[in-house]
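First, the structure itself, so that you have it in front of you.
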Amino acid sequence: MIAQDILDESNAAVSTDHDADYAALGDHLARRGIDIAAIAGQVAGYGVAVPSWGVGTGGTRFARFPGKGEPRHIFDKLADCGVINQLTRATPSVSLHVPWDDAPAADLLAAGEAAGLSFDAMNSNTFQDQPDQPYSYKFGSLSHTDAATRAQAVEHNLHCIELGQAIGSKALTVWIGDGSNFPGQSNFTKQFERYLASASEIYNSLPADWSLFTEHKMYEPAFYSTVVQDWGTNLMIAQHLGPKAKCLVDLGHHAPNVNIEMIVARLIHAGKLGGFHFNDSKYGDDDLDTAAIDPYRLFLVFNELVEAETDPAFDPAHMLDQSHNVTDPIESLMSSAMEVQRAYAQALLVDRVALAGYQESNDALMASRTLKVAFRTDVDPILAEARRSRGGAIDPIAAYRLSGYRARVAAERPEVSGAGGGIV
Amino acid sequence: MIAQDILDESNAAVSTDHDADYAALGDHLARRGIDIAAIAGQVAGYGVAVPSWGVGTGGTRFARFPGKGEPRHIFDKLADCGVINQLTRATPSVSLHVPWDDAPAADLLAAGEAAGLSFDAMNSNTFQDQPDQPYSYKFGSLSHTDAATRAQAVEHNLHCIELGQAIGSKALTVWIGDGSNFPGQSNFTKQFERYLASASEIYNSLPADWSLFTEHKMYEPAFYSTVVQDWGTNLMIAQHLGPKAKCLVDLGHHAPNVNIEMIVARLIHAGKLGGFHFNDSKYGDDDLDTAAIDPYRLFLVFNELVEAETDPAFDPAHMLDQSHNVTDPIESLMSSAMEVQRAYAQALLVDRVALAGYQESNDALMASRTLKVAFRTDVDPILAEARRSRGGAIDPIAAYRLSGYRARVAAERPEVSGAGGGIV
Amino acid sequence: MIAQDILDESNAAVSTDHDADYAALGDHLARRGIDIAAIAGQVAGYGVAVPSWGVGTGGTRFARFPGKGEPRHIFDKLADCGVINQLTRATPSVSLHVPWDDAPAADLLAAGEAAGLSFDAMNSNTFQDQPDQPYSYKFGSLSHTDAATRAQAVEHNLHCIELGQAIGSKALTVWIGDGSNFPGQSNFTKQFERYLASASEIYNSLPADWSLFTEHKMYEPAFYSTVVQDWGTNLMIAQHLGPKAKCLVDLGHHAPNVNIEMIVARLIHAGKLGGFHFNDSKYGDDDLDTAAIDPYRLFLVFNELVEAETDPAFDPAHMLDQSHNVTDPIESLMSSAMEVQRAYAQALLVDRVALAGYQESNDALMASRTLKVAFRTDVDPILAEARRSRGGAIDPIAAYRLSGYRARVAAERPEVSGAGGGIV
Amino acid sequence: MIAQDILDESNAAVSTDHDADYAALGDHLARRGIDIAAIAGQVAGYGVAVPSWGVGTGGTRFARFPGKGEPRHIFDKLADCGVINQLTRATPSVSLHVPWDDAPAADLLAAGEAAGLSFDAMNSNTFQDQPDQPYSYKFGSLSHTDAATRAQAVEHNLHCIELGQAIGSKALTVWIGDGSNFPGQSNFTKQFERYLASASEIYNSLPADWSLFTEHKMYEPAFYSTVVQDWGTNLMIAQHLGPKAKCLVDLGHHAPNVNIEMIVARLIHAGKLGGFHFNDSKYGDDDLDTAAIDPYRLFLVFNELVEAETDPAFDPAHMLDQSHNVTDPIESLMSSAMEVQRAYAQALLVDRVALAGYQESNDALMASRTLKVAFRTDVDPILAEARRSRGGAIDPIAAYRLSGYRARVAAERPEVSGAGGGIV
């Protein structure tokens, strides 16, 4: 963790400016009839889960260029995640990936407690082969033509649930790469039926208070067809399985030009929005830092979420899911957690009464402007205040750099060489 | 209609070559264990509906460049459609668009009988304002915020059903342009709820033996959001309405790169595939001639349909829906009807036993090749034989040009000037 | 024009809040080392041309839903444009479209002067047929296979130059719809050669102090191929023609996912960036209001432009080009002009020294953040101050609505009925 | 290599059917005025280079699932490539990738001769770090901000040229992954200038009879911007460097919906088409087997190439570039080489005189049909005859499977485990 005096020093350096900015924004919002403290309170209460795999450097099929101090195992990862939450106070939980993060539950619980973190949704992995597994997922997992391979994949998911129960998780996220690379390779319908049968087995083993999140994705690693290719298929799955099954939306898993905020609205309408994997993308599943490419799109998603919050039962899961290829992963995750909070804060500023009026009277220009006024409000002082009020950093990136954390862990964690090529 | 002697003359000119090609193909297919006569029989029994609006020259928001002899009204259109079916024997029915084609039912029936045509699905139109209507659809129709506007749109659909009943139609196709051009303009969820309520009113007035086809489309004329934007929403609608409601798939209404044949498979699995609007496209809803751009994609759609035909209850509606901007619409529709038959014939040639085996053993290369072998078989002689056997033309385009039909009707039908601009 | 007392009244209603916001922003920017007055001065000096056709209600191939008080001719359009500039002080010039706006030069000059407007680039139109023209553009204009048709299209462009010279314009913008709807319809290379020959004829008639802007577009109205389909072809054209020829970038004319700001950078590098048609889009050439969909993308374009401004010879043309289907066109154009100014102001706030340092050291996170800090600064008070300082409105939309201008002109200008259908 | 008796056995099993099919096609083509032997001769003379890396199993960032008998080094790869050419007689050369294939030139020459193969273009690799290199390409190679890193990348390319000269190659293909993942990370213009300077250094070291092929790609591994992002930038590079520099077109490296055959035509017009990396794709750079997804698109590319062949100096390089994740790579490469030949054969069948006439008269329907008639001719017997006539297999896949080659090499080459995960 970062030493308190470093954090204090970092905050002290910017607190005067921050106080001025916060006061000025408070005055401005008061003129708009908004209580800044109330917004800051809502933002302070908001959290997004960090993916354990996000603290390692990512890569592409062409290469991976590791950074300094790469985490060696889940305990290094939990330490890194602890720093993220210490500075941002926005990421109180971690989402584990099995078998990458497999470890004794007691050890995980202890390390989580030490890092001040709880455990969010469990993630199973049947898109890779593990050294000791009898059957390969080369041609699929939950939807494989071979029953034994499907059983192995189901069994792995049950193991994830078991581990998750022991550490206090309440959900299982299932993303599979099953699909095909050639027209004709798979019978779409039979493959889907096999998927549904396997998913039902998992669903039937789900504890009563758990949720099952299934995740759709248009393509990659399969390049002609994917079993759960879009939200329509995902909805069919959730309907087939039952009330504990819901759909997970990863912002980068859609076709070009698709209106994602509308999909969010439709899933809410169907009672099947399970949650999010936040990130940003320009081309495909780029897994870039959240809001790095199109911050207004993220705001529009949150506009739907804030709209739906009037239903007290509405409680989707919020997770980051990114690949950090050219940045320090801790910095990217802190920055992204703040971007999610930013979109939430902006969405809270929308004048919903005025908006509803413009919508009712088809005043498209003023409706659009109502959203834009909220979006272009610089809510940075609100986010900073929410952090500071809970013991975090006014400027987490600055505090992190000041702390020398990366150099410190790099001294403890051996250098990792880049992944060799050949996967082209 | 085309005079019989012209048709005979046209056929005579190519029958020797045709006979040779048909015989050679028969020999080849026999070597593959396929009976050419059986395939030709199935093709001869296949029909696709022609859209009444397709026989007029289409256009874009920039301009329309009419051709010679544009049809003046539904009776001219039916005459043109009659020629299409006379020569191709592949388009036994016409799909009407109201109010464009509104006319006394008795007159329509008589004209249809004269042209040798029956009436396929009715199409309502609430994406345009008509001179005498009290409420405008500028801001929507079935999902409009104003109840009176919605009622007007519902009422129009009931009129379409009424007219359709009188002329023997058994289905109503509903496509609306409702959506929004600005984030914020419409509340996605309330707009969808209004749509569902209006559609339910229409559904509840549907005769017992009718189907309701709802059609999704990603964008255009609305450019930020569309109420029925994709097959996921379309499925939700069909599920909400009931068993007579099914989804219509227009090949050009999807996001870039989307796997359409997979959507077809999913809708079949859900029991909700209503039918098709066939056309082709490279960019958006280009409404180009069927198979003009990607003939293999059309084949892959038919591969799913032939696969599903094992269920005797499976009976989706097949319609063309194209915009002919640079060709003689009659020629394009004849050509497109033949392309649809071609894809059907190719799909019939797939060795399904072998394919299933390759799929089961994950032999992707041979599975792909099994489809390709069927696709690359030149089935033109089969299509020609199916036409000739039922009194049509071996080469419908050649027969049509020989007949001078276009010049003849151009003499009767006054020249139309191009649409003026300003819609940019 | 709007009466001064209305404008004063409108400004008075919001000036106290504005003063407070402007002072607070000034304080904040001072803490960042930025002089707000300097920025406001640069913004006040910035102008974007309005397209004459933009003040009419647009539409799609499906329908057009006119509004109240549609302009009847170029003189009504100039009056509307005058209001836009009066209130925003951001649109000092108008771009004409011939033959839509054809009129005696003296009359145009007088009307322009009355409205306080000068004349920007002339736009020719060979994508529509005019009642009296001998040859049709159905199959192309400058690239038509027929020499007489090409000559007619060239001649029309020369007429546009002639009229433009008489009214003080200094540029001709050429956008054509030439292309094809079917593979094989056109020989790509011969068609391009014909285009180049026709364009050379126009270029050779260009006055010495004029520029020729050619505009690329991926598709529509042609749906298989377009002669000037992308910036690569556009660059080849500009290189072929000579130094007065440059490329015009319409933000909506690119393939999905394309990085437009990078194309801007490349054209700047090649010395061939002619200017912009600003608008926004989600799917194709949607012609939505500027920054309505992706405001960050517009900012990134302006980031390139501000970067290039260090070269004093850099002077691209800035124009709006939108289709207003569901809003009052005057309001949309005012709003869009302000959005362009907003992106410019934000780009001026980028700390370029810091950015260059982060780029040099590959500190991707801080480089990204440097842009984001500028982007999320709410520069609204700067824009408002720039307007007020030059006699415009603090809130142009509010002032316009207060004025009752639309109702006033609606009383003078006859109601227009919606375009009939059939173009589907 | 495959034993001759196996090959004979395989051919014997299908030669009767083949003879019948070839004779029937000859008769049919004769009726169309085409000499089948002439076409077969042209096809027999056509070759496409195989990529050395293509004979290994590919993968994605998520996983790689190796097959049996993976090649261990370039000599295993050359053996596999020898089999491909032995059976297809369509792949007389191999394209090497350095440092993956680095080896003494004499050894390469000997192994190439043994396998009956010559060496096509050399491929450099600066998108991965190698164990012993001083500078990392994490933030770029030829365009890196650091001069020493750029020098290292240039030096590597010079080494590729040197090795290529020793083994008879005549071209260097340069593809780099340089770009950025965040807006602001790189200065587009300075980065491009650094690229041009580095590329000039390579160009200046090129032997007199060599070509330099630069390859554009929209995205991946960089996900916000790529230095050589499209053919426009690629053209600028080739123009900057000089006459030996030309553009390489990989079919999967473009934005969605882009008309690739038109880009081919434009590059031919500019005299800058260097060659191709053939493959197929549905979403991004999927690297699927050639023609697996859209065979008509490949035909349209070859339609341009055959059109351009009238210029005797026109001689682009033809290479495959695919990633085989779910098939035996040898089978996929054989199949793909035949698909390239198929498209070439179909394009040779186009009635170019008729086509030119339809284009001249704007008979879009008949122009389209002229291409389609050629495309839908089943030229399989021609390809088979071209193979057989040169000692290859009538059905290379069948002969290969009959030979047991894969099992044989699997016995010699140790099993490879799947790449571990973590790159997500």
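Note that the chains are named A, B, C and D in the order they appear, and that numbering of residues resets to 1 at the start of each chain.
Everything below uses one rule, namely that contacts are C-beta pairs under 8 Å (C-beta built on N, C-alpha and C of every residue); 3 or more make two chains touch, one makes a residue touch a chain.
Computed from a prediction, not measured in an experiment: that's the story for all the values here.
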{"item": "Which of A-C and B-C has more C-beta contact pairs", "value": "B-C"}
{"item": "Chain whose Cα centroid lies at the greatest distance from that of chain D", "value": "C"}
{"item": "Centroid spacing, where centroids are CA-atom means, of chain A and chain C in whole angstrom", "value": "39"}
{"item": "Chain centre separation in whole Å, for chain D relative to chain C (CA means)", "value": "42"}
{"item": "Shared interface positions of chain D, touching two or more other chains", "value": "138-139, 180-183, 185, 218-219, 224, 256-257, 259, 282-283, 289, 292-293, 296, 326-327, 362, 364-365, 368"}
{"item": "Chain A partner contacts - residues on chain C that touch it in the complex", "value": "17, 20-21, 24, 27-28, 31, 256-257, 259, 282-283, 289, 292-297, 326-328, 331-332, 335, 362, 364-366, 368-369, 372, 375-378, 380, 397"}
{"item": "Residue ranges of chain B in contact with chain A within the complex", "value": "138-139, 145, 180-190, 192-193, 218-219, 224-225, 229-233, 235-236, 254-259, 261-263, 265-266, 268-270, 296, 300, 303-304, 307, 355-356, 358-362, 364-365, 367-368, 370-371"}
{"item": "Partner chain D, residues of chain A touching it in the complex", "value": "53, 56, 58-65, 100, 125, 127-129, 131, 136-139, 177, 180-183, 185, 218-221, 223-224, 256, 281-284, 286-289, 292-293, 323, 325-327, 417-424"}
